[in-house]
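Below: a set of structures, written as structure tokens.
Two complexes are shown next, each including subunit A; its partner changes from subunit B in the first to subunit C in the second.
Moving on, here comes the complex of A and B:
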């Protein structure tokens, strides 16, 4: 089980990789979204805001309305942000669940793929 | 703690229009006209209604499975849990063929209809098909998606106009219906069975709306929406088949655009143009839904490691461009072959067989998961699941076999050969190529290593100094 601090640290690394990736920033053009993260095992909730082709710092809680809700274990969130976990694999096995539009789901997966694999 | 609220979510109206719109492709008109050959006079509606009743079984199965796995990846999840994953992948890849067939068929039908209303010879359909598919690929590559509202309007317009045209054509014929209640008059029970198999094809793709399970405002809207869509489709398809059998002659029924003749019978030349526009409107849903559903599924399967990573490459608009271009190219080849050979009836038979096959698979998964996952919550349950589910496997399996060996009321093995070639290629890939793809992916992962820093070891509490230990008292 990953605690809050581990997820925040992992996200900070992911955020830097995403914001420093020129190709990814082109892919995020016009994609301003609010994403909620819900950890099933710890009950922790976070909010990720994407605006002006950049990711904002991870915010605690999930109060506002969201475009996309990602539900996973805290370990999966930490592994995902470190790039050690393929979110599609977990999604196709039903371990990560999502709520939101398919194109938003695609965009979120693209972020993780381009940030680490640069495909 | 309250559940998160989604900013954008689909309501029941859009679920119904998506389900009905995906099913009501342009090939619907050709399948309806083809069905008329198997039953007597104006009783084609009985075959459509029977197929609608059978589709209710499929609806119950998809409703239950969707409730258990409310995700776009549901087909992978329930098949993986019901059978060997390699078998599941072979079936899934073969099923994807249906999407290519429907997109190709729509391009061919719309192209042929446009060439006809322009008064051009049939070869003009080829360039029109290429332009249509090129436009669909280009808009997909640019990330253009038809908004829910536009899709609603397009679907309801197509269904309402088709209904009005069919009713008007019947009324204006000024002739009483012939044999409206005797489907077997001059035909065999086998003919009726084949008519029902084609009738099942009229509803094909209504279940694709389950891939929107993550987008709906209320999860039960998916199975409710599918049920309403089936009801609407039974009504509209029954009207079209009866109107076509009553108003059109044999030459018109076997043409590539019977709906244009139906429009002409209802409203004269204006009706012909009206139905040409309506035929083009059906492509909005087919190209939008077909391309997006298939390309995103291929992308996700490639990301999962079950297809080569090349298929997960994205363009700068986060669109998986290789699957989109590939689907466009294959659809173009198929539709041009159909245009050149005039073999659209084979396309209809292959689609009908594959659709019946996937319904049989859904029924099998429903029954199998009742045993394997008895405790998993089922927000919606198929009534009498073992009885109805097993009946679904038998009936849809039988219809799949029937549809695969018949074209236009004649014994013909071409559909079966086409399906066998598709399934063979899927087998070859899954058994020979996939292990190599997976091994390469494992090697890439091992080379990357783990980035996550190891957790510092938890320090064990230091033992208390001997001097401070409490001594025996």
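Moving on, here comes the complex of A and C:
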């Protein structure tokens, strides 16, 4: 189990790597979205805002209306953001779920795989 | 005078024809369904191995968003189970074997990231194609003049990334990327929710299988039609005019041909097969030339049966992505209860063509040699090998789907569904959603039945 502070710290690391990645910047073009993260074990909720080809800092709680909702265990969120977890593997096993419009799901799926591979 | 008469005749008892005939029957139309083979299902064909395991020689999966197929499965009580995905995939690349987790082989992470970006760009580019009129997409002409192969060569720098997309596309279409119109590729991907969706097992088109085989729904629909379904009744000719059609049925063997008169006919066959009928008068040039540009893909399915799914002991999920050999994509096709281990291999595109003159036993041996390379010596001694070489199949002549060549959609697209007098067109190639899939076949049949019911009511 990962607490809120660890997830926030791991996310900050992941965010920097994503925002510095040219490929991910390209892939985020024209895609301003609100993403909610829901930790299934702790019930913690976070909000990620994507705007102008950048990820914003992690906000505590589920803010605004989400375009996409991601569920995973708190530990998987932390491992994912530290770059230790292949999101494609967990999505394939059903341990990470993505809910939203099909194109939004495809985009987040693709960008999270690239963030893992391009590190 | 015709031997039989009906209001509506449906030719072809694949899922499209079955759905059309059942819909018309329910609407109170006097309908007959004729099928060349001695079975229903068309490109979906469930069989049993000598050891009693259920396998599908053709279409076999159901995934999220395939609502027509799910509804039919619910109606006939066909149970499904998840495709086996626990563990790592095997990547064969440049003569080396690697394992990987997730969707994309990762032995070369940069190439994998390039591959994902290319899939992403393909899926994004597909987003503006109107599914009911792809020829009206922005820059339709320019897109229809390119092939997926030329787009890959011009856009995707990494050879490894091109390779991954090529392997996926070959299994999905049964053809080489250079034979696919880019506009058709965009349409087809959007129709099935994107390449990422079509390539996935969990959360994608290969998510679940039917415990009792994918043909169950077809058998269920056939039962509802009862004596209105005529098997072993190949249509050889269709004469048509303002008053309707007269269709000639010529069964194999020393059986006299017979004729059926109908006010309307639904031709539920792949375009390329439909023009092998003797049409009188000849079909309009536009319709016939469309069919000339829609060859069937080239695919062989090979099932190797083992006493147990031994690869799972090694932490493998039975999925392969390979750049070499006849079989370049595999799945764990074992039954839900694990009573046997079954590997499914696809031989697609050029590899399928190269083995066209081989015997079934030779194709089987070639596939088993590939399985052994991917899964080790235990794969070398299957209890049984079953192969289905679709190009040799008389009434499909390829698979899994018709491939639209450059120029088809922009030059001839509207003729795909446009009725010709009393003739209506169905089949998964005419579907707007899940084109090429069982779900698209079902919706195309319902659409054609709607056209016929409306015409008969006038």
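Convention: the second predicted complex is superposed on the first by the 116 of 119 C-alpha atoms of A that agree within 3 Å, B and C clash if a C-alpha of one lies under 4 Å from a C-alpha of the other, contacts with A are read in each partner's own complex, and residues count from 1 in each chain.
Here, contacts are C-beta pairs under 8 Å (C-beta built on N, C-alpha and C of every residue); 3 or more make two chains touch, one makes a residue touch a chain.
These figures come from a predicted structure and were not determined experimentally.
**Q** Clash or fit: what happens to subunit B and subunit C when subunit A is overlaid?
**A** clash
**Q** Looking at A:92, would you say it contacts subunit B, subunit C, both, or neither? Reply first, second, both or neither.
**A** A:92 contacts both subunit B and subunit C.
**Q** Between subunit B (first) and subunit C (second), which, if any, makes contact with A:83: first, second, both or neither?
**A** first
**Q** Determine, for the superposed model, which of the two partners subunit B and subunit C contacts more residues of subunit A.
**A** Here the partner covering more residues of subunit A is B.
**Q** Contact-wise, after the overlay, does A:100 reach subunit B, subunit C, both or neither (first, second, both, neither)?
**A** It touches subunit B, and subunit C stays clear.
**Q** Figure out whether A:27 sits in contact with subunit B (first) or subunit C (second), or with both, or with neither.
**A** The answer is both, since A:27 touches subunit B and subunit C.
**Q** For subunit B, sort through 9-17, 369-377, 423-431 or 459-467 and name the stretch that clashes with subunit C after the overlay.
**A** 423-431
**Q** Where on subunit A do the contacts with subunit B and the contacts with subunit C coincide?
**A** Residues common to the subunit A contacts of subunit C and of subunit B are 23, 26-27, 86, 88-89, 91-94, 98, 102-103, 106-107, 109-110, 113-114, listed in rising order.
**Q** Inside the complex, what are the residues of subunit A that reach subunit C?
**A** Against subunit C, subunit A makes touches at 23, 26-27, 86-89, 91-94, 98, 102-103, 106-107, 109-111, 113-114, 117-118.
**Q** Spell out the part of subunit B that touches subunit A in their complex, as residue ranges.
**A** 1, 4-8, 69, 71-73, 76-77, 80, 143, 145, 211-212, 214-215, 292, 296, 299-301, 303-305, 309, 312-314, 316-318, 320, 450-452, 455
**Q** Touching subunit B in the complex: which residues of subunit A?
**A** 6, 10, 13, 23, 26-27, 31, 34, 36, 38, 43, 45, 62, 65-67, 69, 78-79, 82-84, 86, 88-89, 91-94, 97-103, 105-107, 109-110, 113-114, 119
**Q** Can you check the complex and tell me which residues of subunit C touch subunit A?
**A** Within the complex, subunit C touches subunit A at residues 65, 85-86, 101-104, 106, 109-110, 112-113, 116-117, 119-120, 123-124, 127, 193-194, 196-197, 200-203.
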